[in-house]
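Next come two complexes, and both contain chain A; in the first it sits with chain B, in the second with chain C.
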Partner chain A sequence: MSATKRFDLRYFIRAGLLAGIVPLYTSVIGMVEVFNKREVVKGMLTLGEMLVIFPSLVVGYLVALKWRREGKNPFLALVGALIAGFVASLPTVLLILVNDRIPLRDMFVNVNPALMEILLVGQEQMAQGAFILMSVLAVSGLLGAVVSFIPYRFRRPLVIALVVVILSGLLSEFIKQVLQQFIERGALKQIVQGKSLTTKAAAAIFVVTYLTTLFWDVKGQAIRTRYNAMPASRKKQAGRLWKTMFGIFLLILPWVLGPYLSEVIDNVGLYIIMGLGLNIAVGWAGLLDLGYVTNFAVGAYIAGVLTSTGPLGLGARLGTDPLGFWIIIPISILAAMFTGFVLALPVLRMRGDYLAIATLGFGEIIRLLALSDWLKPYIGGAQGILFIPKPELPALAEILNLADRAPALIEIAKGDSLLAGLMNLILYGQFSGPQELYYIIFVGALFVLFVATRLNNSRTGRQWMAMREDEDAASSVGINTTTAKVLAFTVSAASGGMAGAIFASKVGTIFPNSFNLLVSINVLSLIIIGGMGSIPGIVVGSLALIGLPELLREFAEFRLLLYGALLVVMMLVRPEGLWPSPVIRREMAADEEEPPPDMGEMQTSQPMRPLSEASD
Partner chain B sequence: MTDNILVAEKVVKRFGGLVAVDHLDYELPRGSICSIIGPNGAGKTTFFNCLTGFYSIDEGHVHFENYSLEGLEPFQVTRLGIARTFQNIRLFSNMTAIENIMVGQEPHLHSNWIGAIVGSPGTRHEEKLVEEEARRLLRFVGLRGKGDMLAKNLPYGDQRRLEIARALASKPKLLLLDEPTAGMNPAETLQTTNFIRRLRDELGITILLIEHDMKVVMGISEKVTVLDYGKKLAEGTPEEIQNDPRVIEAYLGRGAAQLMAEAA
Partner chain C sequence: MKARLYRLNWVDVVLNALRIVIIVAVIVGAFNTITSGKYTTDQWISLVMSGLAQGSIYALIALGYTLVYGILLMINFAHGEVFMSGAYTAYFLAIYTAKKGWLDSHPFLTILSWMALAAVVSMVVAVLLERIAYRPLRGAPRLVPLITAIGASFFLQYTFKGFYGSAFRTYPEVPALKGTINIGGAEIPIVQIIVFIAAVVLMVGLYWVVEKSKRGKAMRAVSENKEVARLMGIDIDKVIVFTFVLGGALAGAAGVINGLYRPQGVNFFMGFFPGIKAFTAAVLGGIGNVPGAFLGGLLLGVIESLGPNLVLDGLGIPAANQLKDVIAFTMLVLVLIFRPQGILGERLAEKRA
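Let's look at the complex of A and B:
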């Protein structure tokens, strides 16, 4: 027997122990207990249980896959996965045992009876509970291995369907909020109970997703081929149809989602605006800016001071009317750009890490300035600025002399929250809640998106990217790296200012503590997760990093932990980000007479063409 | 009196106690192909860096056409009409080949970021020209069809060509090539040599190169300058240099030089 065919017990034990760290660690920090309050499928599975079971499942899958890839005995892969799953339970069992002898609660606050009850699966007897825990995890490992045996064609839909079920389970509270506008209470009860999916609904979602994915995998290629075979004009039509439908969907989104979810989407939108701005500095120009919150704060405070109707507002000071929201947006943008410009000057000679630390400092300086006694008479210190009005448009109802009939119009639309809300907004022009403010953020994000796209594909954008790739070489091709850097900081700051102004108006009161380091970290993380320098990546990153945690409030306490874990996983699995920036095809766009070279051929060294042939 | 495109007078560059370039006088005739050779550490690349603004010189003067290059930043030197390549290729690796060349045209561009955002006609026109010119240069260096590949994915030889194309994009009057044939096989070296000669003959670009491959140096140079310890050891036509005992000594050591002399 060759050495490679031997059953490598140590490998499985090591993998199991690695997986076992997850349930142990999350138990000790209290995550399991908090997550256990959230049921994914009613009466079947809680999020906490998933935390304990999932690592075994994954490790079983991975070891079995690796074992078989190396051409080893598939039966031993199953045994190995079983062992790995079992070993993964040992650290947690050890925790239970130790805690029984020496109460660990003095050291680890979260190791409490409630946690023990979860880990022991509700059993009175410790031995029984531990045994169940061990066997469940061992079986999970085995199950993971079994999944790895399923042919890819059937495995992929399975994994996707499971993910969809878990996600819809987690988001069931919000699914309920959306659905209750359309279907009656009794029917809703069949789908969502409390905050979790019913077993029936979970099964239905699983089956539907599984079949759809399977269908797409089998037939998708044919559909794509048929689509590609369509004449260009038809394709254009289809594309326009999709775009229009997507546009309409985005326009009615807040009314479909309801107030709470609109609030979440608003926050996502604000972070998209900021992300697109910071991306200019970090993603394109390669200037690691850890103090982006500076621009956000400047925008918000400028907007606060100039529009507040309270004692701190400029209006009260000068005895005039405070400025309106619409004029404030450009002022805030310019103010933030000015700040970006000024802050760029001292850090011009810094590169990489040093620049990051300096900008980190700016972020803190701005927060401390806002808190300081020195500026307190102007911006309120810790009390912040109050009474910042919501944006308004001139009421259409009065312009058109519809004032008498307007309530009737809204009455007609009654019963349909979507229409009534829109009608109200159009007739009275009041951006009073998250559903109305959505439109301002939407337009703002579109504007920033437009500017970013234009810049990306321009001389300036190329200057920034060249500078990111190699500052010396950029200088040697004639780029003035000093001005390019200053410009990157300045333009990047602009959208921070815009987001700040909208934020101030949205929340109505601003406090220094809204402008802490976490904002900078959030924006930076969403860029990294989405894909450095990628515009669609920022949208995806915002949804994943800002949207999801708001929806899963259990995560709030552990947000930074999850960010860290997510960043590590991303760097390992997908360092280019969720949606990396596409390569712009420039040569082939106009040079279509020659087919692009085959990429497979490219790997082998090509014979050089004599230069004389290439002459022009 | 010959027309010199570049004149260096008594250039000194020190790094701490080390004198990397030591009172070097250098004259580069317009329209010529000249080489600088010398053992490792002789100060060749340092001299290049002094010319292109990467290092500020400690003493002496450098004149390019009628301009003094003292105190200029690299980008300003490039805008005057001096382009360079690097010993270890320094492309913008995560940009496509064609984008690399587009960036290379930097000294001749006028559009700015505001024009880019509003999409002014001038900017759009310039963008179109820049793309066309980049495509033309891509073909000129024989990289047709590879323009949309990321620079880092190109094979080594293509990367060297792309770097030259990027340098050419600035429409230089003087091109400084730092070991353009390093790492190439004999066939590739020959092609590159011919290509460099064409640059001078067809485009009228003056060329100064640092090279280790004596075949290349002796084949295309009109003037060869030998540096050793930052000083000019010898200067002349390739034949003169080949027979100069001091050069042989610097390269091979005293014993070898004596042997060669005896053999001759």
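Let's look at the complex of A and C:
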């Protein structure tokens, strides 16, 4: 590395321009304006402002870090970061200037006066506003550089604490909902106001996180060694204690969270069920299935037709009672498995990308058929199926006549302790709302989780993985790839069917448009982002991709934009996912011939592999 | 004979049964429709012509898929969005020129300028896509670029939604393209003929570039064997960028043609289905094969246009036109099952399919 002492102005300008694309882009697509409505810290910082400021901060940090790593003058690093931060403001300033001359709004619908007001920091005079914007961004560049000078031990807790403050700021509305049940109103006002944290609370969270992280960094190693030194029996005990506590936590979770958050958790759970299923095909068997929604739709429609109390329900047609929820679950699973089996046959001979496109075709065919007038007499066409009842269990309280025998239990159900809701459910068996449905989804997810874990370690699981690595090699060592593929599709379809049936009964009405390609893309994205083939990865992926956007409704508009960007970035930077499975992690480590690219580098300059590899 | 029967795989049995069922359904449906005399010859002619016009748009998009697949062996899933980006951006120029009155005074030149803008925008999008999303992953396992392409596709869709909004926008009416011509007793809209001719001209131009120009020769060399091409002193990166440029330009031009032809207008989601259908067309003609993509596009357009009336109607399915897209997707699956090498493709080995 030639450590030239010369001040490389072009490098800083290039880095600054790259960073400057972010505020420009997010402004033009309307993100800044929408996000500006969400305050992270009351009266101090909105999410929209963060979008504009953060790129400068990050670029200042990165260029300073890189400059100093190369052993160059630290003072020049500060100057360079200042310049990079300043340059990062130029694209946005250019947008303001151009928009002043030619109104861009005729073309770019989001370049409107409201956006200009945000970018000009509320100043009347354009020159003044632009000057403030430029100086703020330049200073953030400098600030980023200053952060890079802090020793690593103190810098890491700083970054973590900042992230925690921002996250809790974003989620403050829900923190409020949860805390409401435990804290009185006056005290709550001190922490959360409206939809954002108070300055005091933000500072407190920052300090606490900072100190905790610092403490853990210093002492964590010692604690871990102490834990490892404990005798095995004690460790087992501790493990059991943790597991029991976690289990109890999961059991009372919906009552802690309240109805709205339970609804979110329910959706996350449904996607975990589907993700675990699709993971069998995509993650383990290496069959990229873009039509997973087919199984979901089959499950939901079977459940809808068989249980609906409306005119389309089987009950009304045959003059019998419609079937109940519990019997429907296995029927839906079997139906979905059958569909998976049938659809697997034609695609058996296809490989890789052809298979993906063909399954995508299936998914669309199913939706179009469900929408068509042809099948309308059976499944309702665009109007869908209505009146799908909620699941029910026999009411224990009446059967066992508990009112006389154990009035204490009835009292618990009536009270307002955390157990009341659960007790009520057990005694009367009504799965009427998201909080009760949580248990069904929870049990379903546990069941699928169990099956998936067992399959993962089974002979079949190994066959799938061998097939994923190399189909020809797998078949030459005696694996029947036809059977293995059909099995993968069939088993993978099962959990789609289960999720569909639960979904149908949860929402009560199903329409063809609930079963569009986006469901498949959602499930696929969460698998890939969580980590292909990794079971904990799917849980993490569902929480991040399904849970977060439902909590942050401002994100809803940009959800697919972010999914798309995430998929691309994940594949470029971290193809193994957030929580990779050990097998994939090992493979990725083996693949890496070169050391990972320097984080300080702005471009992702991965080593070019020989092109011949691309053609196999 | 007995030995062969014995070796017959059960999957083959199922697939052959499927083949027979489909052929019988098509024959019965077509026979019923034709004997019922529900449609006149004129109607058939106009269905075929509108199928050809729609098909030539598919064909132009399909060329982009075919060129990229021929060289990189990857499905550029985001190609439909490349098409959309040009069409959607050129809409603003179209509105502007129509307001200024240029469309009335110089219709041909004006439309050409729309196409040029659309081609440039699509080209830029395609090249950026290659540079940012595909190039770093060139050596990765095959599913990785496909996933990236799916991500890029959604990213582009919603980026353009953010840029231009989500409303459907209709291209201005071109007076010169109004009216009909009488062909064999059927009244054919002029715009269909113009669309078809424009597509043929572009196609011939592309064919010339690929077959005769030096760049085209390099492209063919790279698609034949990258290693050897590199040894011959061909800059592979440049060739790949050139391929994306060509595909993008054609997709942009197709976007404007689509805007002229289809009255329902342009929208950020307009590229998705044409993209998948164009892929079908590319596979139908034999992926990697330039004339094949054109042939496949036309064929798919005609099948899609005739299918509902000819076959589904005859089978007694109500509102068969709703199932137009089902026909296209079914075609896709059928081609992938029964003839993955397409009509004109012959050297497609196992490793490509």
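Here is the rule we use: the second predicted complex is superposed on the first by the 563 of 616 C-alpha atoms of A that agree within 3 Å, B and C clash if a C-alpha of one lies under 4 Å from a C-alpha of the other, contacts with A are read in each partner's own complex, and residues count from 1 in each chain.
Everything below uses one rule, namely that contacts are C-beta pairs under 8 Å (C-beta built on N, C-alpha and C of every residue); 3 or more make two chains touch, one makes a residue touch a chain.
These numbers come from a predicted model, not from an experiment.
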Message = After the superposition on A, what does A:354 contact: first (chain B), second (chain C), both or neither?
response = second
Inquiry  = For A:586, using the defined touch cut-off, is the partner it touches chain B, chain C, both, or neither? Pick first, second, both or neither.
reply    = first
Task = Figure out whether A:470 sits in contact with chain B (first) or chain C (second), or with both, or with neither.
result = first
Inquiry  = For A:528, using the defined touch cut-off, is the partner it touches chain B, chain C, both, or neither? Pick first, second, both or neither.
reply    = second
Message = For A:460 in the superposed arrangement: first (chain B), second (chain C), both or neither?
response = first
Task = Could you let me know whether more residues of chain A are touched by chain B or by chain C?
result = C
Inquiry  = Per the contact definition in the header, classify A:316: touching chain B only (first), chain C only (second), both, or neither.
reply    = neither
Remark   = In chain A, both chain B and chain C touch residues 606, 608-616
Inquiry  = Please output the residues of chain C touching chain A within their complex, sorted ascending.
reply    = 9, 11, 14-15, 18, 72-75, 92, 132-133, 136-140, 142-148, 150-159, 161-165, 226-227, 230, 236, 276, 279, 283, 317-320, 322-323, 325-326, 329-330, 332-333, 336-337, 340, 351, 353
Task = Within their complex, state which residues of chain A touch chain C.
result = 25, 28-31, 106-110, 286, 288, 290, 345-354, 356-358, 360-362, 364-365, 368-369, 371-374, 482, 521, 524-525, 528, 558, 560-561, 563-568, 570-572, 575, 604, 606, 608-616
Remark   = Note: in the complex, chain A contacts chain B through residues 451, 454-455, 458-463, 465-466, 468-470, 472-481, 487, 491, 583-588, 590-591, 594-597, 602, 605-606, 608-616
Task = Please give the residue numbers of chain B that touch chain A in the complex, ascending.
result = 52, 54, 73-75, 78-79, 83-84, 86, 90-99, 102-104, 106-107, 109, 111-113, 116-117, 119, 123, 126-127, 130-131, 134-136, 138-142, 144-150, 153, 155, 157, 166-167, 169-170, 187-188, 191, 194-195, 198
